[in-house]
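What follows are several structures.
In the two assemblies presented below, subunit A is common to both, partnered first by subunit B and then by subunit C.
This part shows the complex of A and B:
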């Protein structure tokens, strides 16, 4: 059974899908330098305009439903990919009250985002995946597999993470936050920008006009180090290779690698090596985190939408912020490239060497 | 959907008088530093499983839990507030779901797919469905770790889980190694994504052979239920039945919908 991405919506620091793609193609970063969370330092952050993440989720889910061929979600599985779930609101209440007693239990744990939407829209089933920065990529992976075995006809995958103190301070403690707009794959990059976003994709077993196929999925585990990737890139290569094999295509068929590209020293070095070993200079590569920042658990969904847009627009996203490319043996797209885009692979990598790669294919 | 169980391991705090951290250090020579009790539980269960069956590097790993580790979330927030916006690095890392998966993977030498799934509805059964969907394609074996930890935050955990305040929560970790291949299997398990209404499940029960066990969430069903609670109770119930070489029908409930697991002992 094939899995088709039939519509999608997002909200991030650059706005909705259309605004984000305009920013990406124009190489206009939507990141800001901010000192809200850090007393002693500023950090580049991706901040979206919204009142409350639960309201954003509800609005985007309704938009997906309105654009779909469904009357409701009663026959749809919801898979939420989130790193911190309800942490943002939980932190605000704790900082206000210095107590956990007023925290709404329905808005607390990692899975509360899916619980909230299940209650609002009466999904047939729901579940949450929390594998940090691969959360929504793994949600997409599972969506494809569940459609493959005909467990569900419709799966709504949502990636969502709101900015909160724990994540900004946590990445600061790891020493990987940049105090400027991040510059993936650049020699002078000095770290990542934490960001927030909500991205949703409706995946179905039927094709509609403008469908993009979720063609193949692959995943691996480095189990090498808690926070650093395997320097030989074996896990990253395996997840990409498995996704391409699962798609039933050849390595040479890939037109564009939408990289994880966080702009940390370790990630970009290892991901570049993986791309170099697998593709050489044959495919275009870029990381759209230079525009959005690292939206953590939402990143897989946001970058899946960017990948679908690259296919639909026949336009490869360029690399923003790049001045001196570190690894010259890969083909980082310096400018937008107008071309038929048949297959895109999108990478998501997370703590512990949790690697997921997704292949998207044009339905022509 | 049908899977074969090759081996299992079980631990629950109210039945097994084991100091998990001490056992990990002394018996398994495992370095427990930088980890918390939630992770220790997961690794302990993994070590128990590893004693009974060969683990292959490409086995897939699924870790599932009802509410995750609320204790570390609260500890992180409290420390952050008290220590002038500074966070303890390993509290932050341990609050992330796949940190637990990472430690399990490294302790078992796993390099395959690695998923951390969390929900407070049909937690174990939905993870089984995810696992089945994956290995039906890959043909590999998969390990499922079902993990619940009440810790010092059990009052909050009860509110999140929606159980009564006088319910006794239990820490527990239960593993099974699953395969599509029935060769040398000790049990087979059948399940489906479909859920049933109360009348449908009552009709099913009236025609089913015993033993039959239901989750505490099945308040409208009159059948045997565990008095204590942890979200992934289904996983323990399955292991317990395998140990007794018994078949089992297990029923779980969420918002007036019911799902059914059927276990057949092959011993």
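This part shows the complex of A and C:
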């Protein structure tokens, strides 16, 4: 059974799907330089306009339902991917009260986001995934497999992460946070921008107008280091190879790599090497994190939507912020490229050496 | 919705009111620097993998609260304006324990981490069943909760056991007729997120080695 992405919605620092794609094609970064999170430094961040993440989740889920061929979600599985879950609210309480006492343990963990939507929309079932920055990519991986084996007809995948003080300070402690708008694949890049977003995709076993097929999925572990990628890029290559094999296509069929591209020194060097070894200069590559920042557990879902848009618009997203390309043996798209886009591969990599790649295919 | 039969190959569980003693870390992780970085969840998971004789392959790991100790360390550092430990941050993600397993055992296969509240271990089993069905391989399914942090009594209303874990190695069975639904028996005072997997371990210890599970 094939898995089709039949509609999607998102909210990120650049706004909704339409606003984000306009910003991507115009290479207009929506990242801001913030001086409030760090005492002694500024940080480039991706900040959404919203009141609280629960309202964003509810609104986006309702929009998906309204646009779908479903009357309700009673026959739909919800899979939530998030790296922080309810921590945003709980850490605010902890810093305010300087105590755990007023924290509700049932509002802390990852499932608080899926439980909220379960209560509002009465899904058939729900589950929550948390593999750090591959969370919603792995949610999509599971959704595809559940439809493949005919366990479900409809799966709603949501990636959601709100900005937390702990996360911003944590990446700062690791020395990978940039004080400017990030510049993936540039020689002079100096790190990533932490960001927040909610992205949702309805995956179904039937094709509708404008469907994009979730064609293949692959995953691997580096087994190398908790935060640094394997310098030989074996894990990244394996996840991409497995996804392409699962899609039943050849490496040469891929038109565009939507890179993980965080703009950290280590990630971009290793991911470039992986793309070089696998594709050479045959495919266009770019990282849309130059516009959105790194939306952590939501990144897989957000970049899946960007990949679908590249196929639907027949337009390869360009690399924003690039002045001096570090690895000259890959084809980073300097400008938008108008062409028939048949297959896109999107990468997500995470702490612990957790790698996930997803292949999206045009339905023509 | 689809149900499949899972054959249980091996099973283990462990729990303690405050701290599980003798997790055999020195034998399981001879490299001292790696051993010193391990979180409690990681140590319990490594212990359970050894008991289940699992060394390599796909892992589905579950934890509702995951690395609570590391997260609390970060929050306290922020509150007191102390320097935040990079190790605490890298160890705070939900997939920390299976990632350490992967590093130590050079396991390059897929890792999925589930955190579904009080039904975490049930969803861990469901996901392990899917992974086993798709890959036709044996899958390590493990859930761990280690919530023994300073002042946990301020918020703990759900368990008498502050450290606990359960695990099974499973594979798909084609003989669905004699597979049995997970029994509806609860271990008193055990955190809800581990109940289903502990129940499966108990069933295995009673001689039931095939369970029926909805994907």
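Annotations for the structure displayed:
Keep in mind that, in the parts below, the second predicted complex is superposed on the first by the 361 of 364 C-alpha atoms of A that agree within 3 Å, B and C clash if a C-alpha of one lies under 4 Å from a C-alpha of the other, contacts with A are read in each partner's own complex, and residues count from 1 in each chain.
Throughout what follows, a contact is a pair of C-beta atoms (placed from the backbone, for glycine too) under 8 Å apart; a residue touches a chain by one contact, two chains touch by 3 or more.
Bear in mind that the values here come from a model prediction, so they are computed numbers and not experimental data.
With both structures placed on the common chain, the touch criterion links A:37 to subunit B but leaves subunit C unconnected. In the superposed model, A:99 lies in contact with subunit C only, and not with subunit B.
Residues 39, 83, 87, 91, 94-95, 98, 100, 103, 105, 108-111, 114-115, 124, 126-132, 138, 142, 145-146, 148-149, 151-152, 165-166, 169-170, 172-174, 219-223, 226-227, 235, 238, 350-354 of subunit A are contacted both by subunit B in one complex and by subunit C in the other. Taken in their complex, subunit C has these residues touching subunit A: 1-2, 37, 64-66, 71, 74-75, 78-79, 81, 83-86, 89-96, 98-100, 102-103, 105-117, 119-120, 123, 126-127, 130-131, 133-134, 151-152, 154-158, 215. Residues of subunit A touching subunit B in their complex: 37-39, 77, 83, 87, 90-91, 94-95, 98, 100, 103, 105, 108-111, 114-115, 118, 124-132, 134, 138, 142, 145-146, 148-149, 151-152, 165-166, 169-170, 172-174, 219-223, 226-227, 235, 238, 246, 350-354. Partner subunit C is touched in their complex by these residues of subunit A: 39, 83, 85, 87, 91, 94-95, 98-101, 103, 105-106, 108-112, 114-115, 124, 126-132, 138, 142, 145-146, 148-152, 165-166, 169-175, 219-227, 234-235, 238, 350-354. Across the complex, subunit B meets subunit A through its residues 1, 34, 61, 67-68, 70, 73-74, 76-78, 80-81, 84-89, 92-93, 95-99, 101-102, 105-106, 109-122, 126-127, 129-130, 132-134, 136-137, 153, 156, 159-160, 162, 193, 195.
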